[in-house]
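Two complexes follow with chain A in common, the first pairing it with chain B and the second with chain C.
Then we have the complex of A and B:
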């Protein structure tokens, strides 16, 4: 069966995108923050949030192959559809990083090249920065020895190579998996299946490294002095759970429209279990990072939470954790709740927003500090990107039959019953 | 019944009937003890007796008989404790987490892995117990009212959280294991003929009759216990890691510790399962139930968890540099190049490099290679704890208090002794308990048995 991307759904995505455009333009014109930091921060937040969901879909797909999972074979095309947003999300992130490089905004403190040199020589208006003491040089008041210590990691070449390698790798793997998946439809081939199995495992290895390093590069480096070894895994669990939520709700909607008839109650239950389980994983990692830093109270680490737990962000930060942990835990623990859309949908919407707030709070306290503003612009950006994300996903979904053919575990998946 | 995909390898080889499964599992219990078993239990109980002797000497003389000193005031005691607790992670992971993931292959290994878990946790509990010096007041770790002679416990201390985490984990694992054993004990009860044996096994089987009602309850309880046990698998080693990570010692305090310790624990636990099962399957002729595919699956778990541990090592190493904190950087430079660098490189090569050999299908399906590597991994995981604990302590902030740790014969004797006790317990289990979950195995015979699968494919 083919999915047709038309009618009300298409209109909804277009309206959302229009809202996004209005927010984008209106937000820029009304943004009074330094260097339009507020505007750029929200571009990064949304770009990253939605990109990471598409990326999690790629990870989950590879995971299904590498673990010889059978239940999810009927959902394969849905995972592939989510990759439609990957290039768009990547483009937004690259634009934000490029703009930072050319000092259009000041989200990344480390992009300020004056921080790295201990001395400076003034020639009239022009200032020349040097590392060694020389004739006429004075101490550089901007010099930051901690950031200067990270120079090797943040050098232009190394940083940009990393960023481009991540994106290129993800896009290539997505393209390859998609190509093989469509090829398998034409004729049964166990070779192709085993290829996916092997490349799936390879992707997991690559992803294990890149998911950590990209979150250091794009997110953790915003609080340039701060560091946490767990950070990458924490961000990873967040992207995974957001993807599970989006999948769960979309699948409920698609089934209600008569698509994906092969996806039965047991599949929906399994998706609910994933949403529940990864919510718990995320909560566990959130607590691990917070507890260890708060308990040890080492100044260079605890500053991160000082601004979040004690400052202006206290209410959203603690509420976000409470919602993301307690709501799925108490509501979705029971088997029947995971099988009942009346429980699943409200919880899903609530924690989807709360996970967005999580990403928001990864970025905003380090860029807007105590001058944050929240208004129609933030909401509009969130909705606009949601529209774009849905638009790309559903357009990709329409490009291939909803149920793949010839997957060796397809029969097993269709007969899933627990 | 859900038809299993044809490309899945069968989990029970050959043509087996329900009766064959019972015979294969119960047979060894009813027959006389084989010579090999007698030899093994003699050796391991001798080692155990030596270990108990060392423990008694320690209790009679004092903690000074260990090699601890003012700088390295925590060494083999806590290393052994963490090592054993880690090993005790595989059983419950296999029985609980893999149950939730509907992994049928777990049924061949869960029983013995859970037994191993329980024995390993007991071995772990020995170390904090004897380290207290006055073991007769060890109940002071419990939050008892002051009238009992103890002071109210310090709830701020992760060591106390450990008491709660491990005792909870132990209780739930034990109950889980026992619930699974009930129908199998009943099967043995119905088989044995000796009056005493009959009495013992009917007591152990709690009057199990095999009614549909019993089975429904059995499955419900298993699922609920799996749900309770899964977070416990995470909590135990997370809290063990917090014994270190809540401190401000460079090399101990790092946020990745909880999930990385859990992963390392599963890693070492599976390695220990491999070591024991490869011998057991041979000795008890269970090759049709625990075969190459099971070994391969376990090896895949080992490569995944080993690589997660590897990523964590590298993350720590990188962040120690990135942080710009000189104490952090030094802690890691010192690990890799200081007086304990040999331990660091043993850890790195055993834990990170050696499991990568499993990328080769030939190696991960080779029983000999698996046996060797499983021991390598367990050595590596012991050294991991040694590196974390001793290396981080031995160079204090004040160079005048730098020191080194030298293990005494009592340190070594107690550690070796716990291995002896552990093996004795496990051998006892293998002799008198149903080592495979035979009734559970019967539920997958028709869907995953080799001959039935072949018939289906026709």
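Then we have the complex of A and C:
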């Protein structure tokens, strides 16, 4: 069966995208923050949030192959559909990083090259920065000892090579998996399956490293002085759970429209279990990071949480954690609740928004400090990107049959019974 | 005279087919004894879903409450402690430090409570007398128990229905 991307769904995504365009233009014109930081920060937040969901779909797909999982074979095409947004999200992130590089905004403090040199020599109105004391040089008031120590990691060449390698790797793997998956439909072959299995395992290894380092490079580096070794896992669990929520709700909707008839109640139960379990993983990692920093109370570490737990962001930060942990835990714990859309859908929508707030609070306190504004612009951007994300996902979904034909574990998946 | 039938099968798939067959003829199966869980047999013979998970949740919540209560008493009320400069004398400000212990204690109570409830409910605590009709059901045989007491059929009708399945042994006892 083929999915047709048309009618109300297409209209809804287009309306959302139009809202996004209005927010994008209107937001830029009305943005009074320094360097339009508010506008750029929101571009990064939304670009990253939706990109990471598409990325989590790629990861989950590779995970299913690497673990030889049978249950998810009928959902395979849905995961592939989510990759439709990967290039778009990557483009947004690259634009934000490039704009930072050329000082159009000041989200990344470390992109200021004056921080890295201890001395400076003034020649009239031109300032020349040097590392060693020399004739006529004075101390550079902008010099930042901590950031200068990270000079090698943040050097232009290394940073851009990393960023481009992440994106290229993800796009290449997605393209390869998709190509083989479509090929399998036409020519049944176990070789293809084993190729996917092997590349899936390779991808997991690559992803394990890249998901950590990309979250340091793109997100953690905003709070340049601060670091947390758990950060990569934390961001990764966040992207995984957002992806699971989106999958669960979309699958409920698609089934109600008569698509994906092969996806039965047990699959929905399993998706609910994933949503529940990864919510717990996320909460566990949130707590692990917070608990250690709170307990040891070292100034260089607690700065991150000072603004989030004691400062302006106290209410959304703690409310976000409460919602993301307690709501899925207490509501979705029971078996029957996971199988009942009347429980799943409200919880899913609530924690989807709360996970967006999580990404928002990864970025905003380090870029807007205590002059943050929240208004129609933020909401419009969220909705606009949601529209684009859905538009790309469903358009990609319509490009191939919904159920792959020759997956060796397809029968097992269709007969899934818990 | 009420009778108890113990029907033995040597394969779980055969047992499933037989159970479906008998239930289809209106026979009510009282219980099945098997060396391992037979998936899908519960709804066939009309066994209600277990409420053990609800029990476990309640045990775990008891654990959570006890742990927090204990920590409040030990660390805040009875002998206030200040460790590493943390503001003391307040449960809410210190609760972060108590979360790992609370979590562990909840798991401990949930798991032990569930295991003990399970063993008690099944009568399988160590030292309790075995209730399975044939010791071979702990090895590689499956026994279905059917009684005339909870069936409206006569014992002859039941017996002929039972003999129609692919069984290997039948023992009939007076209840």
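Here is the rule we go by: the second predicted complex is superposed on the first by the 418 of 418 C-alpha atoms of A that agree within 3 Å, B and C clash if a C-alpha of one lies under 4 Å from a C-alpha of the other, contacts with A are read in each partner's own complex, and residues count from 1 in each chain.
Please note the rule applied: contacts are C-beta pairs under 8 Å (C-beta built on N, C-alpha and C of every residue); 3 or more make two chains touch, one makes a residue touch a chain.
Since the model is a prediction, treat every value here as computed from it, not as a measurement.
J.: Following the overlay on chain A, give me a clash-or-fit verdict for chain B and chain C.
T.: With chain A as the common anchor, chain B and chain C collide in the superposed model.
J.: Which partner does A:149 contact after superposing on A: first (chain B), second (chain C), both, neither?
T.: first
J.: I want to verify the contact counts: of chain B and chain C, which reaches more residues of chain A?
T.: Of chain B and chain C, more residues of chain A lie in contact with B.
J.: Could you say whether A:415 touches chain B, chain C, both of them, or neither, answering first, second, both or neither?
T.: In the superposition, A:415 touches chain B alone.
J.: Per the contact definition in the header, classify A:300: touching chain B only (first), chain C only (second), both, or neither.
T.: After superposition on chain A, A:300 lies in contact with chain B alone.
J.: Just checking: does A:334 make contact with chain B only, chain C only, both, or neither of them? Give me first, second, both or neither.
T.: The answer is second: A:334 touches chain C but not chain B.
J.: Which partner does A:227 contact after superposing on A: first (chain B), second (chain C), both, neither?
T.: First partner only.
J.: Answer with first, second, both or neither: which of chain B and chain C does A:68 touch in the superposed model?
T.: After superposing on A, A:68 lies in contact with chain B but is clear of chain C.
J.: Contacts for A:326 in the overlay, against chain B (first) and chain C (second): which applies, first, second, both or neither?
T.: Neither partner.
J.: Can you list the residues of chain A that meet both chain B and chain C?
T.: 291, 295-296, 417
J.: Please output the residues of chain A touching chain B within their complex, sorted ascending.
T.: Counting only chain A, the residues touching chain B are 68, 70, 145-146, 149-150, 153, 190, 193, 205, 208-209, 212, 216, 225, 227-233, 273, 280, 284-285, 288-289, 291-293, 295-296, 298, 300, 408-409, 411-412, 415-418.
J.: Flag every residue of chain A that touches chain C in the complex, lowest number first.
T.: 287, 290-291, 294-297, 333-335, 417
J.: Which residues of chain C touch chain A in their complex?
T.: Per the stated touch rule, the residues are 39-40, 53-54, 57, 84-86, 96-97, 99-100.
J.: Would you pull the chain B residues touching chain A in the complex into a rising list?
T.: Within the complex, chain B contacts chain A at residues 2-8, 100, 102, 231, 234, 238, 242, 245-248, 253-259, 307-308, 311-312, 315-316, 319, 322-325.
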